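Several structures are given next for inspection.
Both complexes below contain chain A, partnered by chain B and then by chain C.
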Partner chain A sequence: MSTDTTALQTANTAGASRPHLLRHLARDPLALIALIFLVLIVVAAILAPVLAPFDPYDTNLRMRLRPPGGDHLLGTDTQGRDLLTRLLYGARTTLALGFASIVVGSLIGTSIGLAAAFYRRLEGPLMRLVDILLSFPSILFGLALAAMLGVGMDSLVIALGLSAAPPIARVARATAASVMQAEYMDAGRVIGLSDSALIRRYLLRNCAAPIVVYCSLQFGETILLAAALGFLGLGLQPPTAELGSIAAEGRSFIFLAPHVSTAASLLIFMIVLSCNLLGDAFRDLTDPKLQR
Partner chain B sequence: MTRQLLWRLLTSIPVLLGVLLVGFLMLQVIPTDPATIIAGPSGTAAEIEDIRRQLGLDAPIMMQFWFYLLRVMQGDLGRSIINNAPVAGELMTALGPTIELMVASLIWAVPLGILLGTLAAMRRGQVFDRAVTALSVAGVSVPAFWVGLLLLQFAAFRWQLFPLQGRGGPLWTLSGLHHVALPALTLGLIFIGPVARMTRTAVVEVLGADFIRTARAKGASEFRVVTRHALRTALIPVVTLIGLQIGSLLGGAVIAETIFGWPGIGRLAVGSIVSSDFPMAQGCILVLACGFIVVNFVVDALYGLLDPRIRSKVR
Partner chain C sequence: MGMIGKRAAGCMLSLALATTAAMAQEPDTAVVLRISDADRYDPQRSTALAAAEILYMVGETLVTLDHDLKTLRPGLAERWEVSADGLTYTFHLRRDVSFCDAKPFTAKAVVGTMDRWLNPDFPGVSKWKAGKVESVKALDDYTVEYKLKEPYSELLYQMTQFNFIIIDPDQATALKDDFGVAAFNGTGAFCFQSWTPRTQTVLTRHEGYRWGPSFMTNPGPAEVAKIVWKIVPEEATLAAALQTGEGDVSFAVPAWAISQLQATPSIQLLRPEAGFRTHYVGMKITRPDLGDKRVREALSLAIDQSAIADAIFFGEAEAAKSYYSEAARDFNPDMKLDAFGYDPEKAKALLDEAGWVSKDGGVRMKDGKPLSLIFYGFTGDSDKQMAETIQGDLRKIGVDLKVELYDPTIVWGKLKTQDFDLYQMSYPYLSAGDAMNLYFLSSNMPTPNRMNWNDPKTDQLIDAGNRATSAEARFAAFAEAGAIIHDAVLWKPLVNEKLVVVAGSRVAPFKPHGISGAPLYNGLDLKLAK
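On to the complex of A and B.
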């Protein structure tokens, strides 16, 4: 039990920047607004079934492409469905997709990073693989996986996860390499812990905080890529509401009823912008090179 | 220098093999048996078996991959399932317009991005700097398709300034330029942000260096200090980063081509995937990935050429 206390203490020092972070956010109004907006959007997406004024799949061809106003606050889409409802459900899908992909990406990335730091012999080949993956255009992952596995949720999450994994692997390796220097790693080895116990109980726990923070910074980029693939028709298939595919559906009627694709695109833009603003604020805080 | 390049060339071989493996696997998922199709509806079981043997389809999977590599090296990428046209030929016709579009976007976006980034670095902390930073954050956050859709909606449809769709001929003709304008604007606009941001960071860093102070102390004008001393050093990391960003440019090209009906590889790739034309999709992915590897290689070579320090270090 006493060995775990050491790990806990280190974890606490890593988490000590948290109140500092909040104070910093209070001084950076833009980042604060971004945070509030993101929280609101996530809550709205989770509560979509409660909040949405209409049914997201209830088509009404006599009411199609109505402009904003009246019964339908944001108008209706190409099939006469309420656009506000579609956007709420779309944000729900897109955010869930982004979350699932980041989880997949962090699993892949963290495994590679920790393995590279723990088994020094693997470091060269593993990091070379990461470099290659990192240099590849993420949209190619999306295209290739959609071609191999067919268009759908599985290939989308794998493609998005694969493109999120390489930078996470780099951060994980860098963090793990410094943790490997700690005395408790040697201590753990001396008391005869197996490799897997060392990795799980000591290495992973002490690396977790920075990796989780970094993964959350990747969220914006993943959402943007998900929307792009959705727009190209390589995402989830209709009638599922997803922000990228709503924008694509509106594209055919962009001259008649621009509000459909504009509203969906604007929402994606604001979500990604908020993520990036928060990420920048955080990076300013943690990167000593940038502090003036 | 040459040794370094040779080493880079050697290390890209496994990458290339990986890409080819992906292309090969893409063809393996085709639900229909090519031999059955070639034999036709009247083909007997023996005939089908015969064709299978001729095509090498009865060989172990590793051998089949080897045959695939041989075919690709001979430029045979198979035939489209949809219209039976040779994939390699279709790719050759689509490659030109994609390169054209990329050149047309980079040619204005990179200089403008470097200019904006440099000016921002010179006026660090002032309104102009903040505006450029805000613009580049917005630039990396905006969905590329929205930029395209807005241009389509306003510049092409409402104001009728540019054609809605398609390619109008080679770049040096008026109609060609007229047609490429909107897709190139879309692609360039999303590229300016990162370029400006990278340039700003690099120039800010260099402006703090000792040799800049020396240049100022010698009495060089601020313009000369920035263009001759700071930019020349700062541009090296910028060129590398632009090379790395070519990947995202490729992604943007896929979207711009789809929106503006530009007859390039990106649109071909998306179209073939959506219509399950596996040989065509495989060809597109191969060409896009190989193109990307080549560009990275060229950027690495440029890097050595631009920076005399690297050249001498290796020698």
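On to the complex of A and C.
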């Protein structure tokens, strides 16, 4: 985590152009595979209602825990629902949850970070608050928030977003602090721009790239946290398919029908691994020190 | 899954845990495994079944119940008389009984136990089980007179429950809040040696014990010198620990593991003759959409309880057709139970008739409002599966069920509210009358009468059953009340759980007792092969 942050602090805030990005990815086959996999998963998740071979909510106890093969490509789950269908819908929920949470988290984190950098007297209190929040492991923080806010999509997004916000705030402040030194900031002030215009037009735009890159790195972690909350029963209520809760559901039958937990866990693993590989590639790309 | 599959799964299970190494098996020490511990081991202060498991071994009741759960047998009282008006019970106590500390058992202990329990300043639980008590007096050292203000036909049956276990009142006075925590002096076949909460409870044989009830094979002293009750909070670990010999006996084995354990030659499955615990879905009739009996009947007919019994309980439960088991005392065999079968077509017709229609096969609507109901349940593994199954079954007849599952620590508070339509849980009972007293009296609203069943006729019949002084009158009253509540479709009965005791190879076969929560009962028949 700390190396990411320092790398980003020195990042080239101008960001990378698109052809540069593709060329870089072509040189990094692992990242390319990760990208292709993620795109496929996202497309499959979006198109789940079209692609899914069965109704994700159609229970049939007499058909439960069937092994993979036959009509049900990946077998059936504890309620006799098609596991492939459940996983498609589960990926849909989990990805949407991760995406919404990272958006909420980046909004909160960026606001705190920019405010701390722009208004120097706020820096102390705001960043100490962030330090306090960072001292909790995000899983503990997420668990406590989810338990406090109760179940439901909204509270889950808030809990996950708040857990993701502190590291984003730190990155945003570090980037913004270096931008604050730039001459165009002084120039903007001289021509009489208001604080809000300065923040929006100069500060935010010049900080955006590293923050976005950092958020893409955090995306994988948020998904993992979302799945963990689902696994621990603090996720969404049934019958919503969610990767973490599918893995939890299958846990009791791990000896009897290992396919349920295995498939869901593998999918979570692949998504998070892809996110991390891609995030690393982005970081390499925006870090001049690592440029080949 | 075929036999080979079962064996393979069984082997996997044992392999998984074989590496954790079996604890050294001590001769003459039986290790019982269970999932959860009790809050304390004070019979008058705990409602936990986990407390009953141990209290029945270290203490005893005046009256006991035979394996059929219907026939009363002598316990600490060798005989008793009931006056013609049903108000005075005279118990004649055994003269050969002593506590673990060798103090002789006398009428003083009985009076002291009851006085402490029923004292309004004492935080005792389940006091209603004692009836409306006028006084409990010692007529002499071995005779107790139990006087009621009004007749209470269930009294002798209730007296077999663990809340009526006779304590040593002097010890309770001396230890105060530590009673049943630091020590417990009882007359049981075992003596309470130590308790390490959430880890284990150790009991040692009561050497002078000779007064076991007639339905036990062994009158005493106990066969094993020591019983260690170990807590293993994880279900799969518990199942595997039985296979590796780390534990000898358990009745907390999850249903999915039982079929696998069955394939293990060294494991024996023992079942009690009777035992009453029913899982059900309750319906709150004061909610806007559930006032219509046709809707309640449709919900009931849509849920396939035999699939639940076969799949979720792996056959370790039987589909229930009534609120309490047909084998329970005062069950009325003439009740009409058609509303509790599985007939989704009839369910759809009933909803159509009630005005709830669906044009596109989706959620049914009436006056522009969807048939969407709120369901409260527990977060436990099989409870969650049952909730999802019920949700899936109701979806098939066009009912949208919003499932909200809560942790055991908050669910009881949630269930006191009026904010839900359906809820699901299980309950143990002694008899039809016991079940009705608990759930269907208007005075028990809002909980446990969460259905808000407020019917003067039911109240009057249950009261008549309680006051009855003959078995015939009691049956007549409870049978009629049973017919009324079943006719109203207030619950959907799901399954009657079958209790299974799983024992390892060291344990000699014995007959478990079906009394709620304590199949090892007093532990007299638990014997280890040499």
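We take it that the second predicted complex is superposed on the first by the 266 of 292 C-alpha atoms of A that agree within 3 Å, B and C clash if a C-alpha of one lies under 4 Å from a C-alpha of the other, contacts with A are read in each partner's own complex, and residues count from 1 in each chain.
Here, contacts are C-beta pairs under 8 Å (C-beta built on N, C-alpha and C of every residue); 3 or more make two chains touch, one makes a residue touch a chain.
Just so it is clear, the model here is predicted, and its values are computed rather than measured.
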Just checking: does A:99 make contact with chain B only, chain C only, both, or neither of them? Give me first, second, both or neither.
neither
Give one of first, second, both or neither to describe whether A:78 is in contact with chain B, with chain C, with both, or with none.
second
Contacts for A:135 in the overlay, against chain B (first) and chain C (second): which applies, first, second, both or neither?
first
Just chain B (first), just chain C (second), both, or neither: which does A:231 touch?
first
Contacts of A:37 with chain B and chain C, given as first, second, both or neither
neither
Touch check for A:144: first (chain B), second (chain C), both, or neither?
first
Counting residues of chain A touched by each partner, does chain B or chain C come out ahead?
B
If we overlay the two complexes on their shared chain A, which of chain B and chain C does A:62 touch? Say first, second, both or neither.
second
State whether A:54 touches chain B only (first), chain C only (second), both chains, or neither.
neither
So which positions on chain A get touched by both chain B and chain C?
151, 233, 254-255
So in the complex, the part of chain B that touches chain A is made up of which residues?
11, 15, 18, 22, 25-26, 29, 137-138, 140-146, 149, 152-153, 157, 244, 246-248, 250-251, 254-255, 258-259, 269-270, 272-274, 278, 281-282, 284-285, 288-289, 292, 296
Footprint of chain C on chain A - complex, ascending:
57-62, 64, 78-80, 151, 233, 237-239, 249, 252-256
Complex contact set, residues of chain A against chain B
128, 132, 135-140, 143-144, 146-149, 151, 220, 224-225, 227-228, 231-234, 244, 247-248, 251, 254-255, 258, 261-262, 265-266, 268-269, 272-273, 275-277, 280
Could you pull out which chain C residues touch chain A in their complex?
1, 9, 12-13, 16, 235-236, 254, 256, 260, 304, 307-308, 310-312, 379, 381, 384-385, 387-389, 391-393, 395, 402-405, 407
